[in-house]
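These notes open a run of structures that come right after.
The same chain A turns up in both complexes below, where it pairs with chain B and then with chain C.
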Partner chain A sequence: MKIFRVILIFTMALFLAGCWDSKEVGDLAIVTGMGIDAGAEKDEIKLVLQVGDMSKGQKDSQGETEPIILDSTGVNIQAAIESLKIQSTRSLYFSHNQVILIGEEQARRGIACFLDWFVRNENTRMEVPLIVAKQDAKAVLQTKTTQNNISAFAVKSMLDNDVAPSFYSKINLLSFLSTHINKTTCPIAPIVVSKIDSDKNTILEIEGTAIFKEGKMIGELGIHQTEGLMWILGQSPKRNIIVKNDDGNAALAIVSSQSSISSDYIDGEFINEVNIKATFRISELAGFKDKHSDNIIPFINDLLKDDMYTKIGSAIQSSKNYKSDIFGFGSALYKKSPEKFEQIVENFDEIYSKSPYRINLEVEVLDTGKINGILTDHQNKG
Partner chain B sequence: MLFKALNRHIKKIISSKEIKAENEWEKQNSCPIYSELIGVLDEDLNKIRGIVGTSLDIKVTTFNFGENSELNGAVIFVDGLVNQELIAQSILQPLKLFKGNEIYMPSKPCDVVEAVRNCVICSADVVYEESPAKLINAFMSGDTVFLIDGFKRGLIISTRGWDKRGVTEPQSESVIRGPRECFTENFRTNTALLRRRIKSSLIIEHMVIGRKSQTSVALAYVDGVVNPEILNELKSQLEDISIDALIDSSYIQSYIDHNPFSLFATVNYTEKPDVASARILEGRIAIITDGSPFVLTVPMLFIESFQTAEDYYVRPSYATALRILRFISFMIAIFAPAIYISLTTFHQELIPTKLLFTLAEAKEGTPFTAFIESFIMVFAFEILREAGLRLPRPVGQAISIVGALVMGEAAVSAGIVGAPVVITVAITAVAGFVVPSQTDVVTILRIISMVFSAFLGGYGFTLVFFAILIDLASLTSFGVPYFEGLIPARNVQDSYIRMPIWTMKTRPKSLSGVDDIRRGKTKNN
Partner chain C sequence: MLKQSRTISKMQMLFSIACFIQASMLLTSFFTPVGGSSSWLAVISSYLVFAVFTIPLIMLIKNFPDKNLFQINAIVFGKVGGKIVSAIYLIFFWTLSSLNTKDIGVFLQQTVMTKTPTYVTIFFLMFLCAWATRKGLSVVTRYASFFFGVSMIIMIFSFIFSYNLMDFSYFLPILDIEPIRFIQTTNVSLNIPLGEIIFFLMIHPEVRDINKNSGKVVYIGSFMGMLNILLVVIHDTAILGEAGKLFTIPTFETLRMISIGDVLSRVEILFAIMLMLLLFFKISFMVYVTTISIAEILEIKDYRRIAFITAALVYISSYIQFNDSYIHAEFGITVAPLIWTFIEFFLPFLTLMIFIVKQKYKKGSEQTA
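Then we have the complex of A and B:
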């Protein structure tokens, strides 16, 4: 009797569960990038898919895989996918999607409702970066850079690597949506543009930050303001900051940076404060010929402070102009005092746009590198 | 669990048949009763000839000896099993020179045999024997039987000397550092090889198994170190073996294996005397079988497959690294194709994107599914292995070159299989040889896990993994849990890691008897 019970358990284990949806790698169309562009009709979108081209196989492919661009329109993402399925000979595979690109036009029309598909579908990942494409998403997905055939990989590595603003790597679908459902904070997304450089190579570039409000893109921050934003939201420790004045310039590597924000609501005024503590190492110095190696550090300190102050101030001012709190001052107040938050949440945007702010900087240059002095063109031969 | 039930069922069927067979055998052999010598040389010789038949190699030489050649004697031996020179020197020559009148007195007939044994025959190993059956057995095993007319007992003189293979280097357990001796087919050489390593308190118990083959089997163990319960269990099992011939030690293995339907063997073997003696000193029992260069050791623990002789001859850190490598290789050897199949047909999201691209491009244009591809390659590899194994070495090499080229290069360029499959199967095949004593298990489990992965993906793979674990955890070898030694809390000095020899102060508890202190102060002093 026991043997039958054992056999029964085995059969049940085999047939009552299991992965029924087997699919061979060769039958997949691996989607590397997805783009959402504005459709011709007002309520339509154009879905653009970048799919790796496997048809050449192993023998012919010298180097990297070529991309294929597929697009179709529909009232929502799934509708567009359905019409693509009719054309496609392989099943679309979304698990390896690298980026979600949103064309600027569609971004301004509103995208939040289209992101539903991405979070509901079990095959998509929540950690995919969400990016606004300056022209349209298709243009970016079609771009072949000199180093990458598949632009989705290029964009992904641009966001991930050390040189680019590191905080962008934290902006993904998940963080975008969790900011989106926050009562006061507004989501942001990097803006990528496809350009032709002086050597007539196509390049991709990060060109600033898009500000979203109520699911729609309402404005953007330039590169300088983005740097201010970075100081507040978290700076990459491997980047270099370039400061200059009329006498010379300096490149300073960030050794460490810590930032915190705090807010308070006192006497009808929403007061915001930004505290930043950062340490630097000099990577390069040029000019400053009247400066001596003893007093160069305080001097650079001042330069740095000025530079940071301007950029951060500009970023905050700009966000106030758009009446959208991208830094999370509202949330900071909620954490500190929920009662006070309740008082301002009704009319938050207006109050925020008129709120004063304070920036506290603690900047220190720790190290001058291998040499102390300054090399100039006219070295003093005294 | 399934195996156990199956096991019980089949044993029941077999045991009923066995009893019948045994009864019939007894009937056949109960014909002429010849329980003692008659005392008349010619009649005795005729009787013996009648029993052993007219074989060309059985030599019966009669001759006269004594001062006046008044005594008749006969030597019986098997040509080829004896050292004829030794017979001439130690029996015939002294007999011819024997002028036994002073001790030979017709009134005391028995004394001649005794006198011959004591004063004439120049051999250290001479015994009296009255039973004809034992006498026959003696000359059949290479001794010489000497009968004297008029006496009811004979002498067995040890004159064994047949052509045998010398002690060579081991084929299946070769080492870079450590002893290079290897057991041979010769029973006595094997016991001597063990005796040379353990001089104190090694006990070698002799028994004969096989009705027709009359094969010598010896149990070797160290008194006090061996667990008496295990020893008694083993002895009673060996005594119960009812078989006509014992060709190799593996026959015994299949009789004493408690779980014959499990994939894992619970009886270990070795061809290295140093390994055998190390195991004996841990409390195990070695079973030496005449005619087999493989010595069985029981009880077997799973960990033994991952311990090699060389582990104890190299530095501990390196031995530990090697041992971990073996565990990983064992896993690779069983599961690598299954993991490949389940990843590429069910869980593509687990593969890094760029690797997935490579895999997909390799897959492009190949006609079969991942499972069929892997199966073809694994199957082809097994064919090649089997072909290469049995062939003479030069031909075997040619086979492997052709096979490697066909499998590796041509199959890929012809577009029959993708390169990743070839890589997976190749690493699997090589990893399978890292743990040589489990190669057979690995081969079967590999195919089972491949089938399950092909149908059920990662879930099927997990099912197989747990089935193996359950089987391993429920196995015992002579009452000792098979997994003993892999339980992290116990015997940690010599399991996943190999600590310095001096840290292994006690013998494994489950194996050894009273004397469990290996190093340092013993209980007695």
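Then we have the complex of A and C:
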């Protein structure tokens, strides 16, 4: 029995060590960003991979490794990967992929057929953001910004941080997929562009939001409309709101915000309602010389309301023009009254494009910062 | 007749039932595509139905505290009839053991050991199960409370850390499901995790004082196990919503999304560990039951002699069964719940009814005499 146990232990140590197919880090091509651009043929795609070169250990002055860009074409993602495998001496490793970038041209051709690979593959993750690249995905993946050599990480942190619209961090493969299979709600994705700024530095910037329908990009919202979209979806922009008129301007930080949407179908009309409650703190105030400290807050409140109405209304109007419900009004009706939803689901897009909407805003400026009123007003009194 | 001595406590049986049921959390994908956002309600309703349907099982334990299911069959159906009914149970035990073995093999290959052939992982698993079986029920069930505790902690941990990913509006509108689909979901949930506790009718003679409070042990144990399944279903629905129906292992997918800052991510490995622990327990228990069932039918006095043979049979059948996971899932949704209902609930009910009628007839004839 003892001999049997010894043999067993040796057998298990030999076969269960888990190292039989091990690969050293240097043998891996760790994919940090994936891009899909339109191929030359209509049914062809160009797969672009940004790969961290771990073998060289080459570091630049900022201590970051230089990424390598690989690309190949194929009828689908796996076909393109297969041809990359022939070119590459290392094994492609997708578990650390940070972003999926789709070139605008390919986004307009359609991406539904490629979602399958991302959902099916055991190395991909559902929390990876899906982004549309304004030019093509390769251009964004090749970009080296002053702060980050690896653009995939730069884009990811841009979406996650508090300065940029952090609601984009919630738009990932899962949210895209969920809305894609939803009967009425249309998927959205941020649009990123690679630019040269006035100091000749390359920068990456979020330029708006792409609207998808039936797997194809059909339109986009500008940055102001995107702000409206964020208010409606309950993801207020994590930055100061700038309001201005001819007399002056103000920067207002959001202290708290809540939003909800509701929909109803009454007498053949699909009615949508947006309710937003937000409180603000004044970060900066300039101008408004004709205003006094005691009436500036109501005045700023009105300016804020006008600004929010414009942005929210513009976002809704734009989505109606595209006949694409990106806010989930249809889902809200389904959750409230499935019977009413059944009445409109067949012809939803048409009904939605003609539906009236109401925006209820409750806006309050609570805090004026360390000083009361307007600095210029104090100067006049002094 | 197999001799079974009282080796485990009621508390061990309670935790064994809990672990046994929650080990089926991998199979929630059998009913969540049918039940959709109402699956959690179907899980609750299945427990309520189970509470009623399991009364015959508890009554059989109370009436035969010293006899296992096969011995009860021999008493109730006679020697030949009993063997036939027991053979049906044996096939059921064997099939379920193989299917669960197959499940853990597929799970390991799909998630953590993607390049290791399943026949290697299953081989070592079956070896361990056979070894545990040879050591007896007390060894098989010894760590049930530990496994239950670990899996509950992992479940609670994943619930807390994935709370920010949850959207509870996915549960609306409540009960927006065709009645027939709700019944189907309830039926799958009733048969696949809950009804499988019929296995415990083979070991109750080994539980000390089982004639006292056996109902409590069954109900509390199954409730604890079901609570974990319910948590899993709520967790998956709240994170994945409609997309949940696309995934073969939805819970694994949800846990892959958890990351706590840059410090803690890839926590799905905890779920993999939890499932491996639970399925190891469940399969060991099933192999033990299948082994003593074969011993009982073939009238082998020392079941330990056939532990490795049984494990080998389970290993082989798991390897040849359902090589297509889609067909396996279809079987789990459509065919299995119907056949399982007959074996898990109807047969014990029939056994109890015949026993009661026989008892009455016996009393009547005694009074007449």
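Heads up, the rule we're going with is that the second predicted complex is superposed on the first by the 347 of 382 C-alpha atoms of A that agree within 3 Å, B and C clash if a C-alpha of one lies under 4 Å from a C-alpha of the other, contacts with A are read in each partner's own complex, and residues count from 1 in each chain.
Please note the rule applied: contacts are C-beta pairs under 8 Å (C-beta built on N, C-alpha and C of every residue); 3 or more make two chains touch, one makes a residue touch a chain.
Bear in mind the structure is a predicted one, so any value in this text is a computation, not a measurement.
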* Where does A:25 make contact in the superposed view: on chain B (first), on chain C (second), on both, or on neither? -> first
* In the superposed arrangement, which partner chain does A:7 touch: chain B (first), chain C (second), both, or neither? -> first
* Based on the superposed arrangement, let me know which partner A:98 touches: chain B (first), chain C (second), both, or neither? => first
* Partner with the higher number of touched chain A residues, chain C or chain B -> B
* **Partner chain(s) touched by A:52 [first = chain B, second = chain C, both, neither]** => first
* Would you sort A:127 into first (chain B), second (chain C), both or neither based on which partner it touches? => second
* Structure fact -> On chain A, the footprints of chain B and chain C overlap at residues 18, 21
* Please give the residue numbers of chain C that touch chain A in the complex, ascending. => 110-111, 113-115, 120, 124, 169, 172-173, 176, 240-243, 246, 253, 256-257, 259
* In the complex, go through chain A and note every residue touching chain B. => 2-3, 6-7, 10, 13-14, 17-19, 21-26, 28, 30, 32, 52, 54-59, 61, 65, 93, 95-96, 98, 123, 153
* Structure fact -> Interface with chain A, chain B side, in the complex: residues 1-2, 5-6, 9, 344-349, 353, 356-357, 359-366, 369-370, 413, 418-419, 454-460, 463
* **In the complex with chain C, residue positions of chain A that touch it** => 12, 15-16, 18, 21, 119, 122, 125-127, 174, 177-178, 181-182, 334-338
